[in-house]
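Each in structure tokens, the structures are laid out below.
Okay, so chain A shows up in both of these, paired with chain B first and chain C after.
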Partner chain A sequence: MVDIDRANEKALKTLLEARPFWVDIQPAIDIVPGMKKNLILHSGPPVTWERMCGPQRGAVIGALIYEGLAKSPEEAEKLAASGEIEFDPCHHHDTVGPMAGIVCASMPMIVTENEAGGNRAFNSLNEGIGKVLRMGAYSPDVIERLKWMEDVLGPVLQKAIRKAGRIDLKNIMAQALHMGDELHNRSRAASYILFAKIAPYILETMEDLTKTNEALKFQEANIHSFLGFAMSSAKASLDAASEIEGSSMVTVMARNGTDWGIQVSGLGKQWFTGESPVPDVLLFPGFKKEDVGRDIGDSAIMETYGVGGSAIAAAPAIIQFVGGTVQLAQSKTMDMYEIALGENNVYQIPALDFRGTPTGIDIRKVVSKNLPPFIDTGVAHKDPGVGQVGAGLCDAPMEVFKKALVAFADKYAK
Partner chain B sequence: MILNGLFEQELKVVNIGLDSFQQALEQAGFTAVQVNWSPPAGGDEDVMAALKKLGL
Partner chain C sequence: MFVIGIKKSGEYYDSVTLMLASRDLLETEGVDDAAIVMGTEENLQLLKGSGLLTEEMSGAGDTDLLIAVKAADEKLARETAGRAEEILRESKRKRAEAGAHLPRSLEGAVKMMPDANLVVISVAGRWAGDVARDALKRGLHVMLFSDNVPIETEKELKELGREKGLLVMGPDCGTAIINGAPLCFANVVERGEIGIVAASGTGLQEVSSVIGNRGGGISQAIGTGGRDVKDSIGGIMFLEGIKALAADEKTRVIVLVSKPPDAGVIDKTAAAIKEIDKPVVAILIGGDPVVLKEAGAHPADDLEQAGLIAVALARGEDPDGFREELSRRAEEIRKTAKAEATKMKDGQVHLRGLFSGGTLCDETQLLCRETIGPVYSPAPIDPAYKLDDIWKSRENTVVDLGEDEFTVGRPHPMIDFSLRKKRIVEEAADPSVAVILLDVVLGYGSHPSPGEELAPAIAEARKRAAKEGRHLTVACSITGTALDPQDREKVNRELAEAGAVVMPTNAAASLLAVEIVKIRRGGE
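Right, the complex of A and B next:
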């Protein structure tokens, strides 16, 4: 039998040694592998248009209007169902997408490079909170914002990062964990640090004061602007640790609002899926429990990476926002040590005497201890066209880990 | 011998499993520590067999 512990040591070491840098901004069509005009990427495991949840359908409708492939929501729905549009998970294209996770050809993408592994990963720029495409909204103001991001924000950031050369994202994330972020639902500190680092280069490369000012104001006001950088960092780092023969470390956790799926290093790119649960939500004013959609998005890559819900003890400011207590946050992080292969050598939790965050989820530990990973997450309305209804907490469904464990035993217990 | 003296000293209770036992003791004025435990794989036999194959 293959030495699983040794394989896991290798996987964890590769993950810990990963060094993600922001290196560029480019349109998806130019940089995302396999991207084409009629391809729409989505979060989570593979799903057809027929099985897509409301917010993901809403975001597809918005993307088709944004790309000029449809003129109205009705036309977009007809086109999406026609078979002319191809759908594929972001994860199949070195990409991650928050919530609905919709990525299409014209979107400006964050390019993140893992210096240690030499591999890259991509994510779209964050639109802010509330009524946004990633939450399933597709009204004219949503499309207008996407166009502005393509025409103004993307080019401003592209010129700035090319002038800067590269920015060390791991360093920013380590600092942010000391400043109250857990880097999934709260990336306020990381957003400000990145803003401070890139602002001088934005000014240095300025061509138009009005546009530059718009971009600076947008970035300053968006407390989630770092999320895309965090997710692409996690993806680039975990991809380097994927497909290690014999490793039982989880390399992907992702949800499409219908299914919840994982991939395991030693099982390659095979998905193990189950029904996506409904999170426990603290609702925004005006919404009710019946509005809540199922858990959705590739952002669970943050927990897979060893932060987010795994490091929630670092973020007392967010725990109230997602409806929990400081004590719950600490106990959840302590639980995550039970299912982790090790502790992070860079990311620390001040409230736990600067203990390294629990890193490298082992399916053997999850299943034998019956202890699922814990996610803190944004929550979308279950219907297309509405947007975010709140934020909440969610346990990963045990079913997916059990399926992976059985497949892992079939492959390796010989 | 140990049993004979058990109820003559302060009880130190560690409860594994159903937390209602721990709660009942606390309501009666005793201190009890609850251990969050559930059967491996939630008791799913096929998955337990897979764990066994992996030496767990």
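Right, the complex of A and C next:
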């Protein structure tokens, strides 16, 4: 009989030893495994066009227009439904995508390498907040921004990172947790640190002042610019700890706005899914409860990695999401220790006397304590074409952990 | 629809606070839309887009707070906007009110308190076994407050505990005093040299209180749960408890408290007593202590005596020295009984005991059987005296209102007095009732002011009886010490002021009650 505790020790050790670096920027078509012109990657577990939620549909429409495969939203919808376009989860391609998680051939991708495991993971560059593709918006200004990112931002960052060689992302994340980030809903500090680290190389490789300045301004204004780097770091780290025989550690938590799914190390790449819940949201002005879409995005990889909601006690600026007091935020993090295999050796929470963040979610603990992980997340409008409506919290549905545990027992209990 | 816009310069709030406040406004009936934002370019666009931008907001900048409300009429819009300001002010005052973090599992609790070596478990009985097993595997002693734990589980847990040298107190163990800490329902007694092992909760409380009130102290008081002394469990923890106290340097005298154990357990207990060189006092409520006496134990007739013998032994005094004192008190009680009884009317002949402590109820039943004959009860010693309808007393009746059938859907009568208060008044209406006997159990877990609870009911009961020309005696015992959080003196005073005759122990109060019945029956 397999020794689950030992398998989990190995999985956690692999996760903790992972050392993600930013090493390159490249178009998806050149770097993402299996990427092709008519393939669109999306967040969460597999989903068909028919079952896709509003924001994800909106983002697909935007992506088809952006790729020049459709000229209008109507044409894009028709194309998406025609069967000519293939859909596949980002997670099937070493990739993670925020919110709708749409990745298509031309997008410039962050290339992150886990030095310890030698594996890579990819994520798109962050577009900023408000009306953006990842939130399901596809208006001309959204497409225009994507084009600019492809033509200007991507190349500027590519030259800079190639000059820099590599940048230690784990180190930045560790610092940011000391500076009020929890690295999912708030990555302001990490964004600034990365900006400061790459800026000299941007200047060193500058060819055009106007374009460079545009890129710098964009990065400065985008408080979420680090999120893509954080997510690809988490993905690269967790991938190294996946498929360890006998381990009950969660390696993927991902949502597509229709389904909420997880993968478990000892159960390989099998998805366990349930209906995606509607998050508890603080709305931006002008939006109402009825506007809120179901929980969406691969960004739950941050909680899987042991930060994000699990580290909410590190981020006083956003504690309003968990009830508005520092104590409640700390209590939320304390809860997450209950379902974690261990504590992080690098990521710490100052307010908890620099205790390591709860890391490595164990499906056995989740089910036996009836205590699901929670995600602190951005929230999209339920309809295509609108964008972000707010941010909030979402408990993972217990159902997916129960299903996984049953499968785990089937496989390992003899 | 009416839209109101307010601009407040120089007030800053973070966006999340503002979103929270907006959400609050949106929940107001009749409010169609509302926004509270800082006047950034982006926000002005958002307001414009949702039709909330008003003239008042013109020229607003990053440092201006903007409040916009779209409501059914102007009045509501203005009120709502006014409330927005209130909410924002409140948000500045808001402080962390929540208490410390509560762990979600035994695992989490142990992480928070790694030095803990005892866990009190009170989850539903169905799950309690799993938690207790987990605790024992982690090397923790267990106090299992939960009831409805299957007997097989109890046995398995106790065998595991014995194997690991850990106590398993319970299931259905409501009281213990460990290293001076009262656990669950327990009284505050000074630390001392007397150790108790009890398979009876209120028995332990009464004995420890008597010891405390006599100036003695408790080293450890270990509860085992009532089923431990049945053959099906074999007295595993009763015997382990004796062993632990025998080995404990601070314990000089051991008191055993139990309802009658099964024969096998009595024999094992006798064998254990023979091995011990410390004095042992045994009170087996309703049981024959002869086997234990032969093994060298000092037998006690009631809980009070058990406590008094133990204190005397701990002080190296004559263990029978208290008997003269008690017989003097019995004389006093008889005098009181006579004084009470003479005020009564013809036909007032019955006793009604309304208890919150099960063992105290048993003790009273036994005393009655020996003096005035068997009494009715939902759980009588003599099966012929089983009360058909537990809600209606007949002749002489004693009930333990802590029994499961009374506690369905309500807290235990030590916490919730409503049922007892109602029943006191009902019993008083019965012209055949001469005396109502009550126990009042103090200590942690019990109601914080039982005197205030019971006094009005006692006064009411006596008043109603008096209206019909009857003098009604209400005899109360108090189980508890001066150190208990309720303040024994205060409770005593409150009960006495309501017209109750207050006695120091259940044995004394029961004696008063039976003496009154004896006199009222006549010929004695």
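Note that the second predicted complex is superposed on the first by the 409 of 414 C-alpha atoms of A that agree within 3 Å, B and C clash if a C-alpha of one lies under 4 Å from a C-alpha of the other, contacts with A are read in each partner's own complex, and residues count from 1 in each chain.
Here is the rule we go by: contacts are C-beta pairs under 8 Å (C-beta built on N, C-alpha and C of every residue); 3 or more make two chains touch, one makes a residue touch a chain.
All values reported here derive from a predicted model rather than from experimental measurement.
Under the clash rule set out above, the superposition-derived model of chain A with chain B and chain C contains a clash between the two partners. Of the two partner chains, chain B is the only one that A:Leu405 touches; chain C does not reach it. When the two structures are aligned on the shared chain, A:Phe284 is found in touch with chain C, with no touch to chain B.
When the two structures are aligned on the shared chain, A:Lys369 is found in touch with chain B and with chain C. Once the two complexes are overlaid on the shared chain, A:Phe321 sits against chain C while remaining clear of chain B. Note on chain A: of its two partners chain C and chain B, the one contacting more of its residues is C. Within the superposed three-chain model, A:Pro33 lies out of touch with both chain B and chain C [touch as defined at top]. When the two structures are aligned on the shared chain, A:Ile4 is found in touch with chain B, with no touch to chain C.
Only one of the stretches 440-448, 458-466, 494-502 or 512-520 belonging to chain C has C-alpha atoms clashing with chain B in the superposition, and it is 440-448.
Annotation: chain A residues 368-369 touch chain B in one complex and chain C in the other.
Only residues 38-42, 44, 46-47, 50-51, 53-56 of chain B touch chain A when the two sit together in their complex.
Those residues of chain A that touch chain C in the shared complex are 130, 282-286, 288-289, 317-318, 320-321, 323-328, 330-331, 334-335, 337-338, 365, 368-369, 371, 390. By the touch criterion given at the top, residues 14, 16-17, 19-20, 22-23, 26, 33-37, 42-43, 46-47, 49-50, 52, 68, 91, 94-105, 107-108, 111 of chain C touch chain A in their complex. Contacts from chain A toward chain B in the complex involve residues 4, 364, 367-370, 398, 402, 405-406, 408-410, 412-413.
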